[in-house]
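These are the structures in question, set out in turn.
The two complexes that follow have chain A in common; it is paired with chain B in the first and with chain C in the second.
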Partner chain A sequence: MARSSSKDAQDLFRALWSAYSATPTNLKIIDLYVLFAISTALIQVAYMALVGSFPFNSFLSGVLSCVGTAVLAVCLRIQVNKENKEFKDLAPERAFADFVLCNLVLHLVIMNFLG
Partner chain B sequence: MLFSCTRSRNTYQSVPKSSLEPSATILIFVLLPRMARNLGGLLALLVAISICGAVTIPNPISDSHRFAASELFDGSFSSLEDAYEALRVFEILAIGKKPDVSTTICQKVVETLGSSSPLKDLFYALKVNGISKCKVNGDVFKDIASRLKATVNDASTLVDMYYSIGSLVLIKDQASDVDVLLSDADGAFHSIKTLSQSDGRWRYSSDNPESSTYAAGLALEALAGVISLASSEIDQSRVNTLKNDILKLFDSIEKYDDGSFYFDEKSVGGHEHHGSLSTTSSVVRGVTAFAAVTSGKINVPGDKILGLAKFFLGIGIPGDAKDFFNQVESLALLESNRVSIPLVLSLPATVFSLSRKDQVKVRVNTVLGSAAPPLTVKLVRAFRTGAKDSAIIENKDLQYDQTSGLHVLVVFPEKVDVGTYVFVFEMVLHDSGEKVYATGGQIHVPIYVTGIIKVSNAEIAVLDSDLGSVETRKTLDLAGTDVVSLSANHLQKLRFSFQLTTPHGHAFHPHQAFFKLRHETKYEHIFMVGNSGNKFEIILDFLGLVEKFYYLSGRYDIELTVGDAVMENSFLHPIGHVELDLPDAPEKAARLPPLPVDPYSRYVPKAEITHIFRAPEKRPPQQLSLTFLGLTLLPFIGFLVGLLRLGVNFKNFPSSAVPATYAILFHLGLAAVLLLYVLFWVKLDLFTTLKTVGLLGAFLMLVGHRILSHLASASAKLKSA
Partner chain C sequence: MEHIQQSSQSTTEAKWKGKATAQVKESNAEQIWPCIEDFFGLDKWFPGISTCIPLEGISGQPGCVRFCAGFKTPVDGHDKKTVNWTKQKLLSIDPTRLTICYSIIDGNVGFHSYVSTWNVLPKDDGCEIEWIYEVEPVQGWKLELLDSFIHNGLQVMAQRMQDALKTLEQALRVEVERLNKQSGGACLRFCLFKFETPRNALSLLSLFLSSLRSSIWPSMAASDAHNGASVRHAFGSVLAFFILLLIGVLAFSIRLFSVIKYESVIHEFDPYFNYRVTQFLTKNGIYDFWNWFDDRTWYPLGRVIGGTVYPGLTLTAGTLWWILNSVNIPLSVETVCVFTAPIFSAFASWATYLLTKEVKGVGAGLTAAALLAMVPSYISRSVAGSYDNEAVAIFALIFTFYLYIKTLNTGSLFYATLNSIAYFYMVCSWGGYTFIINLIPMHVLLCIVTGRYSSRLYIAYAPLVVLGTLLASLVPVVGFNAVMTSEHFASFLVFIIIHVVALVYYIKGILTPKMFKVAVALVVSVGLAVCCAMVAVLIAVVASSPTKGWSGRSLSLLDPTYASKYIPIIASVSEHQPPTWPSYFMDINVLAFLVPAGIIACFSPLSDASSFVILYIVTSVYFSGVMVRLMLVLAPAACILSGIALSQAFDVFTGSIKFQLPSLSGHSHVDAGEASSESVVTNDSVKTDKSEDTSKERTSKKSKKKEKELVEKPLSKSQIKKRLLVLPLETSIIAIILLVLLGAFYVVHSVWAAAEAYSAPSIVLTSYSPEGGLHVFDDFREAYAWLSHNTEVDDKVASWWDYGYQTTAMANRTVIVDNNTWNNTHIATVGTAMSSPEKAAWEIFHSLDVKYVLVVFGGLVGYPSDDINKFLWMVRIGGGVFPHIKEPDYLRDGQYRIDSMATPTMLNCLMYKLSYYRFVETDGKAFDRVRRTEIGKKHFKLTHFEEVFTTHHWMVRIYKLKPPKNRIRGKTKKSKSKASSKTASKRKGLKRNPF
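Take a look at the complex of A and B:
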């Protein structure tokens, strides 16, 4: 039973992976970027759990910087996805400009909060 | 406190030794350490009254003056005037050790006399010469005399006349062969007399309308000089008008409450202001000089002359050389004047102890402290302070003791008990002879008679309130060291009584009789002990006092204070303690007041201030933080690796020149903004950053729009193709 379930799981992952391989490269880049941001945030949370939250504003700005970036990247991914019919009239360049602008504003706030 | 007395002096604040009366001293001794606040004001008033009420009898000049003189005139003189004042003071006080300046001073005198110096310098050079006897050539005197005579004839101001005539008089004394007599003495007399005013004062010059008492003194001295320099007799009627002027001048004399008289300058004119001391001594100089050169009597009352002497002696020892000179010289002139010579009656002590059997001793001196002519001192009467009509002694002669020079009342009258008295003395001269003396009539002297007061029948008892029956009763020996320990509750009373009797067996009422209870917690309660007849008694009803005692039960120490100026055994005695059992304080009872703060605690150092800083937060070890810094880089590396795996390339980068420039500029702009953010974190403030971000943002928008629209159009073309 256990054996068959692990095999099922392997099959499931393989199917998922093959389905994902069909994703366009630019979306894959964004996914990678989101992964990078989230893992950086996780490392900071681990550090906080280990040594305490003393400069709490620094911790918050570090984590929020990563999480914010990830959220913005997800938004970008939604907008540039060709499958997504809702945004088909929106040029990917326009979406990228929005992404850049939002990032600049976010990081201005982050820097201010960093202390 | 002295400033509240009417007799305190404005110009000289010195307090003669005898004015600090024993009553004040003892009051302070007994009460200061334990002074209760609520009584403080009353006591201060008592002290003030007891000081003010005293009549001061100044002592004649004594060795303390001589000592002060040798301190004050230390030998460094800036001018001949200072030098003269020092030499004159030493001469009067007969201090053997003269300032060792004779050679330098004589040199200065000869210099001044030889050259054509101002009149004032000339005058003081001659005065110094009169004392130091310098070797001056006779011709020099002749030259000066002729010059001075010319000045006398055409001098317009009083000061010039004063100096030139004064100098001529000095030359007359120092060089008998020089002719100094004034040919026109009448003219000189007239020119000075024209400056006199109707009230006896003088003007400094004819064009100065202000009159001055100080100037009157100068004028009288100058006129005395004119009379002694006159070649022919001055008209007697003129001299008589001058005597009237003197009498008028003495009408304007001012008076202190203690009987001292003085002159004061009424207006402060253009001339330098003179205080009452220099004004008075100027008048004394003038009047005595004038009296010395005229025959006949000047009718100045003796008590005014005595009052002047009192004024000078009442100053004490001045700290200023000029004042010292004025005081001493005036006293010397009064001592030998022809009007009347003041005699000073003084008592070595005004406190007499019955227990020591002190004798009343009186000394009579002239103002400079030399012996008086033969006389008898009479004790006219003596009475208790406040009971003026009932004299206890009348008409007793004091015996003169040849060896000590004191007049002694040998037998102290039996009737005199402890207390404060006023003794009235009178001096009766045996044979006045030619000299006229001013004795001042009846002299009132406050006298303190002290003695040991007997304390007896001291008893302390605790009574039951309702029945009045005695619970405990203890007798006390207040002279010994007995202590009692009692206990009482709020339904009981405490009774304390004692008797005070004088050595003559009379009842004695001291200034202070205080009964004090002090709780363990330092709260104090002071009660005045009242008296009926010779018995002092206080009854404390604790029921009525619980609120005053703040419902504080426990041990109370008892202290008794009895004090008086004439009581030699004034005491502050711990009697013992009472254990009080008071009811608990009700809810609405007043809270305990704060304990009175010791007034001296204001001056002790304040508690040290310690600053509390926030302790620094605990920081993790540096290695751990650096490790995690490395860890955060790992996802980035993973991101790069992932990109490589995906086969990301720059093929879409525009190849033509213009879009490529825009693309590079766009990326540089982004880099610049990020760099600015780092700078913002490191050192810039928000305003600078926002301004720069605004500029960079505008630039970035421009280039970003260009490159992105280029890319969009390229992809659109691709799509349509």
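Take a look at the complex of A and C:
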């Protein structure tokens, strides 16, 4: 039972890997960016857990800026993904412009909130 | 689309499938689409079809059936005598994606389970029509034959459409050139001349409108201004624009009754505070406003206004005032404040239009906007002068919902950004923003649970949570509450859930189904553990958060009995009480009956947007049932749903009228097609018989009517068949009349509510004497003016908290408590003073440095909301903090009374004395017109207070605290004499009581 499930898991990861390696490079770059943002957020949370959350607005803006960046990048990834039928009318340039606008708003707010 | 899948599964044989495409070079997709959309007009395009007539339903509505006959098929010999025919049913149509899907349900060419889909695909140069078809193998045909048949047919169709559009374009271009030759001055003459031929006039009008549209939306109009369909669209959108303009004017002007009937003043209590804050803002600027510590309220505590006020309304009005002044329109701040609410209600009705348009189209949007413009519930909070948070907050609420739905429908990150900014404005404006941040997650959860997750949902929700939370914490009054209190946790929880779901969908997309099953098995076991850990962490966070859960107002929403049990200060406000049934009828009127119909209309078909509206109405009905104030949140939802219901009903009724009227006139035309459709009838005549049977079982009247129709039956079978699917002409006409009557009733009620019920500013009162004369009671302003002219600037005035805002705003004097009930103890202190005997009250007030005490008394003129009627709340709130005040002491056998049966505690408390001091001098009997009784204790003297001012109608009475005696010897003497005088007055009162 355990062996078969571990074999399944191996198969699964292999299938996942092969499926993922077929994705276009630009999407992979976005994925890396998302991963980076999330790991930064995690580092901040870990730091908060160790040191304390005293300037709470700094902590909050730091974590939320990372999470926000990640979320927006995921949105961009959804929109520029060619396999996604829902957004086939949307030009990648338009998607990127929206992404930049949203990021601009996000980071203006962050700067304001940083205190 | 589901239909196709079902039929393809049911066949065991492999179906024939194919695809044909045709390029259209000179027309774009939007221009071609109306030709495709015209389901009953196939004979115009497809080669060889001589007849195409409607059999059932309305063109363009799924389920309608057309009858096509006369075409030649490749297998026909030259000697074929019979006519080829098919019946085709429209399965689905999507004007946004430009796709139409139909099937052949009957025919004599041997096509079985034939389903085809036409797509119009936009291309860089023109567009492409795509015809995808599948059919069970047809006897005597080959797949190649079918392919070539459809391919050739489609090419001809495309060519014909293109030719027709070109003709139209040329005709219009000539017309435009002719128009351009006319000079501006000659235009009118030209129009007049043109109107001699009505047809020309019409085309001219539509041309004019399309050019108007091109000036409004130049980018849109550039390509397709000269197109027939766009002319029709242009006409519709210009009409909609003017209707919206009128709705805005209506929304604005219906709220002006208060200005016309009374004057341009700020109303009630809270608006005075907002007005004062706006004044401060315009005078001192935004930075001083944020740091404003107000020492004129809550003496001696003061209040940090900048950090405890929702700044949206003030900033809005301040900006308006600033803009007006910078363009040299010198309006006073007060005027701007008075008219802010009507302006924003016009905006709110436009936002309602946008929201409903996203849900159910333009017609429903316009109806909903018109309904919202005059819904009494909203009028009650937004008449001119009602300068309160709700005035702008309702607009913000609807607009946020609109942007959410818009994002959900388009999946655009741009709208998501706008959505969070609108949410920010809502957070700025009103505490009701928690409704949004809980409703939207609920909707997202609903979508996920019902399997409607899409990446558009992710884009609509995830950025909103992050940006919205950050923006909300920028507002000082919310601050860290945006991440610390339980009101917001639902959104974070759903934020996590949507990420998990998004990941699952993504993995499902890239894996094969078999591998996905393996993955599910693996993840479920691991994921459950993680989820449990998450929930545990979340609960821990909730338990350890500083507020330990929910704030009082939110708790009283979830548990309606909470406030009355634990927080008298919330329960004491009349607008926090649960509403009664009549108040529903008063506030939303006929909408209450239309809402269920709207809900049903939302279910067919259920989309993401309509499910949101349903969720909105359900939750808001609950909240309105808890607090009468939240009826305001219900009103937009009720308007939207009623708008949908009304517009759908009108669609059905006018549709069936339109369907029948031409068929009566064009009788011969229908007959021509009937000869060939004889064999078609058999199927449907069974249906006719069935419905006859059922109708005969009903009342005799109806069966008689049916018999009449039976006589007609041999004349035109097809007409009766059609009539079965649409409503009878008479019924639909009567129904339309009834609906219009209903609408008229609503309008009459709303205007009445706006003019009579909700326009009173409550600081100026009027009454009509029996002779018909108008009497104005302007006592409040009289009293405040007296205070501001006759007292020192730094004097402190004590009153019950209701009048705090007005006193600071109008009299500019420091108050002890006001309508912002942030410090319960302080209010309880004032309540205790009011319920204590004179001496104890004097001591309390003196310790608070109070110089004047203000009471509101309605006994002389019958003004019911005076301090005596509010007195029990003072006792309760006071007793909640200072236990020596006990409510039963003021009640005789559980009854609150002020006549001779009243308890001595009641008759000796300060409120009683200040209200009824010298009251007996007015009519000799001291008859209280509000309580409808003679008061219990008529003759008494005040020992520690002296009357300094009483207004014209005795509605406001102001007393001054007597200064303390500073010599010890004198004090003891004085107190002795006081005691004696007190007992004397008591004795007097007791003696007089029997009379």
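What we mean here is this: the second predicted complex is superposed on the first by the 115 of 115 C-alpha atoms of A that agree within 3 Å, B and C clash if a C-alpha of one lies under 4 Å from a C-alpha of the other, contacts with A are read in each partner's own complex, and residues count from 1 in each chain.
Quick note on the criterion: contacts are C-beta pairs under 8 Å (C-beta built on N, C-alpha and C of every residue); 3 or more make two chains touch, one makes a residue touch a chain.
What you see is a predicted model, and the numbers here were worked out from it, not measured in a lab.
By the touch criterion defined above, A:F56 reaches chain C but does not reach chain B.
Between chain B and chain C, C touches the greater number of residues of chain A. With both structures placed on the common chain, the touch criterion links A:C102 to chain C but leaves chain B unconnected.
Using the contact criterion defined above for the overlaid structures, shared-chain residue A:N112 touches chain B and also reaches chain C. Residues 97, 112 of chain A contact both chain B in one complex and chain C in the other. Interface of chain B with chain A (complex): residues 617-620, 624-625, 628, 631-632, 634-636, 638-639, 642-643, 646-648, 670, 673-674, 677-678, 680-681, 686, 689, 693, 697, 704-705, 708-709, 711-712, 715. Contact residues of chain A toward chain B in the complex are 25, 28-29, 32-33, 35-37, 39-40, 43-44, 46-47, 50-52, 54, 91-94, 96-97, 100, 104, 107-108, 111-112, 114.
Taken in their complex, chain C has these residues touching chain A: 411-414, 416-417, 420-421, 454-456, 458-459, 462-463, 466-467, 469-471, 473-474, 480, 483, 502, 507, 509-512, 515, 518-519, 521-522.
The residues of chain A lying in touch with chain C in their complex are 5, 8-9, 11-12, 15-16, 19-20, 23, 56-57, 60-61, 64, 67-68, 71-72, 74-76, 78-79, 83-84, 86-87, 90, 95, 97-99, 101-102, 105-106, 109-110, 112-113.
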